[in-house]
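Chain nomenclature is as follows: A, B and C, assigned in order of appearance, with residue numbering initiated at 1 for each chain independently.
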Amino acid sequence: MDKNFLQSSLKDSLFTGLIALALFGPIVGLRTVAVNEALVVQPKWLVVALIVAFCAIGRFFINIYSFKKEQRRGEPSSLGKAISNFLDTKGSQIALGAIIFSVIFPFMPFADRYWMDIAIMMMTYIMLGWGLNIVIGLAGLLDLGYVAFYAVGAYSYALFAIHFGWSFWICLPLAGLFAGMFGILLGFPVLRLRGDYLAIVTLAFGEMIRILLLNWYTLTKGPDGLTGIPRPSFFGLPFKRYPDEGVETFHTFFGLEYSPMQRIIFLYYLILVLALITNFFTIKIRRLPVGRAWEALREDEIACKSLGVNPRNTKLTAFAVGAMFGGFAGSFFATRQAFISPESFTFIESAIIVAIVVLGGMGSQTGVVLSTIFLIGLIEVFRDFESYRMVAFGGAMVLIMIFRPKGILAKRKPTITMVKEK
Amino acid sequence: MEYFLQQLINGLTLGSVYGLIAIGYTMVYGIIGMINFAHGDIFMVGAFVALISFILFALTAISLPIVLILVLLISMVFTACYGWTVEKLAYKPLRKSFRLAPLISALGMSIVLQNYVQAAQGARIKTLQPVIQGGFNFFKESEFVVTLSYLQIFIVLVTIFLMAIFTLLITRTALGRAQRACEQDRTMTALMGINVDRTISMTFIIGSSLASVAGMMFVMYYGVIDFYIGFLAGIKAFTAAVLGGIGSIPGAMLGGLLIGLIETFWSGYISIEYKDIAAFSTLVIVLIFFPTGFLGKPDIEKV
Amino acid sequence: MSEKLLSVENLTMKFGGLIAIDDLSFSAMKDQITSIIGPNGAGKTTVFNCLTGFYKASSGSMFLNKDNKTLDLKKFSDFKVAQKAGVARTFQNIRLFPQMSVLENMMVAQHNKLMAASGFSLLGLINAPSFLRKEKEAKEISKYWLDIINLTNRADDNAGDLPYGDQRKLEIVRAMCIEPYLLCLDEPAAGLNAKESAELNKLLKFIQKEKKTGILLIEHDMSVVMGISDHVVVLNYGKKIFEGTAQETKKSPEVIEAYLGTEE
């Protein structure tokens, strides 16, 4: 390492420190606090000093590190490759193992209420990710308003169940169909827009739905939300400790001791089945003509037109199918929470689902699982640092894009092969 | 009639703010062909920097005009650093990547900025005492008194002033020339010996400092901000940029004014709860039926 | 004399003030190769874009004779030209689906047929035998064409990984998968070496003779044009300046002037 290099990297770190000072000085260093209804400024210079020092020193070490790396260039960054190679060769065994693991998960000794809740939440996100993967990963349509379909599913489920008293197994498909129709309705005018315009328009649609839910008080009860959504029952057997007179419950029917965990476990299996249906459906439809056309449209729309593929209808089916699965997931969410309000359907939810799909590797079903575990896990780990968890989440999005712009698993398998599968 | 006039004044003021933010969108789109998803949050940071500076200067005895100029400059400088950093972290490493990648990283950046400001400054809304008070009243004898406040005059004047400087910058200086060249063909521009990286950085810096001015106006006009204002303002300003024709700077200003007017008239005459719906539907309608906007170039599909 | 396949009458295309095609009329015969040549910017690709529905012609008409019916091509928008009228095309700067395999590219070209067979995916989802049979047929057709261009052994590789010459040929046979009546090729020989363009000639001759498909060809490579064209249309500044056989074209003073300029 020569002197010039040291000098220049010192200069560089000083510059970084200066920028960090400008960035964090006012916002972190001068916290505004309301005292007697007037804002005063509370200086926090120590924190700023620490951050600035950290940035400058960190930059210095990065410089030295990348200098060393320059000297031994040629070694490809290995970890990601190793993972994807491993998953490529052992793909089916791993998938089978993962399914078995998720089936026996509730009976693991550590699977208490907390773990089950996290598992259910992750499964919901995995299902949403798989649903959105059809739209973004296969058809290449960046949909930033996916949460709208989740919301439509949840609200239509809740309204059907509350007002008509229909059972879960009737409301679920209805809610899914409703969300799918909604997808067609929204998709029809916007699907000819270019990528980033489509992103903004879907984002706007998502927000419009939320504002509508907030203000249409007679139907949605606005910000108060809908309460008393019927809990799901096990094919007619409710999960209740003290059932109404003459009603058989799950635990009495099977002669079990009542435990609130029974309902949680049932919900877990419910979402597991729904998610797996989504997964197998996607795997199957990808190999059908329509699935291939989705991917072809993502690759080159003009070439598709020249081959007689109808771009609008093809995109619409992707949008509708994705929306339908969003609606299914929304129904599950409604029945699990027994309470929904517009607050659960903000833009950040859409962003999380998009992040799951893109970070997993566009179109990769396994990638969705991995990135859900990583991202939702990250948010969970930072649970105690309430306000920092989303900072960490956003930061992870940026970092993964920089270091692995194609996502964790980027490799794509052909949908049909000439030679029998190797 | 009086009510209409009042809405017109309010709309033009609000439109100036949106126009200033929209310029940032339009410039970045012009030069790298992408939406800067974090731009709305940069505006929010600008508003916070302005708020903090106002509070600090309130403790001193500096006279108001000088305070205004100082706050303006301070927020421009500090916020420009944010714009610069966003470009360096979220856009530059991904310039040659596939199209969705920078969109995602910018989205991540936007989430980071929002939550970082929330963490550092708290989630509660911040209020600022009025800095400029008073104004002219018209139609004093009628039922509805129309007010044109000094603050509104200040906002519009500063916007016009910045627009003028800025138009000169783009049309007359070497930087502006480099920027326009980069819009046409980045590789060729680099071959002509122009530092493309620096030109793109400058674009983000200029866009961010204008957004920070908008932030300062916002905090002075409404007196209330929180960490979330960037999201809505960002979407509205983006609508303005598209409406005016994305890539066109006068278009951005024009679009800003239109969006400001649409929003105030909608809330004044139709429904205040659904005022954001007005902005969103304008966006959707414009993009679907009118994607080149008023002053944009037509976009012919090359086969 | 064979039947008329395509007749273009008084076709004009304006972009703002620029007249890209000016009152162009020509026709192409069934099972013949018709070449459109002309200097750069003469409006050749624009003719294709009008024919295949990517641009809407300012005025004039285009008719296609398909099974003794006359179709007005102006009535078909982009994808319908391929789907309903049976006009296929390739592009100047190859447009394959680069991240999809060679075989998948061929299958996408048979989309409409397979889509109908899959019962809008419902029959496909349940693996209905009728669909599986159709899918197998489509695969066979793909194999037939890939055998012709010697790419069967690379069928499972990504199309984007093929060498340039193979990509050109793949794009042509992919277009053939829609079983077109008229095949429009936009500079298929661009960037090919002598051996590859000889192979291309063979392929085009095969399509013309065996498949009875009319070919409309834009080309700069005179060895291809002169070697295989039955009929040549010469454009300059959007106007037709000459029409005739390859031999006649070679000798025409107007054509020589357009390409080489006049002697002062």
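Keep this in mind: a contact is a pair of C-beta atoms (placed from the backbone, for glycine too) under 8 Å apart; a residue touches a chain by one contact, two chains touch by 3 or more.
This structure is a prediction, so every number in the text was calculated from the model and none was measured.
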More contacts between chains, A-C or A-B: A-B
Farthest chain (mean CA position) relative to subunit C: B
Mean-CA-position distance for subunit C and subunit B (Å): 49
Approximate Å spacing (C-alpha centroids) for the pair subunit A, subunit B: 30
Separation of mean Cα positions, subunit C and subunit A [Å, integer]: 44
In subunit B, residues with contacts to at least two other chains: 301, 303
Set of subunit A residues in contact with two or more other chains: 302
Residue numbers of subunit C (touch at least two other chains): 54, 91
List of subunit A residues in touch with subunit C within their complex: 281, 284-285, 288-290, 292-293, 295-296, 299-300, 302-311, 317, 412, 414-419
Contact set on subunit C toward subunit A in their complex: 52-54, 78-84, 88-91, 95-101, 103-104, 107-109, 111-112, 114-115, 117-118, 120-121, 124-125, 135, 139, 143, 152, 155-156, 174-175, 177-178
Subunit A residues touching subunit B - in the complex, by the definition given at the top: 19, 22-28, 30-34, 37-41, 136, 142, 144, 189-190, 193, 195-197, 199-201, 203-205, 207-208, 211-212, 215, 302, 347-348, 351, 354-355, 358-359, 362, 387-391, 393-398, 401-402, 405-406
Partner subunit A, residues of subunit B touching it in the complex: 34-35, 45, 48-49, 51-53, 55-56, 77-78, 81-82, 84-85, 89-90, 93-94, 97-105, 107-124, 126-129, 231, 235, 238, 242, 273-274, 276-277, 280-281, 283-284, 287-288, 291, 301, 303
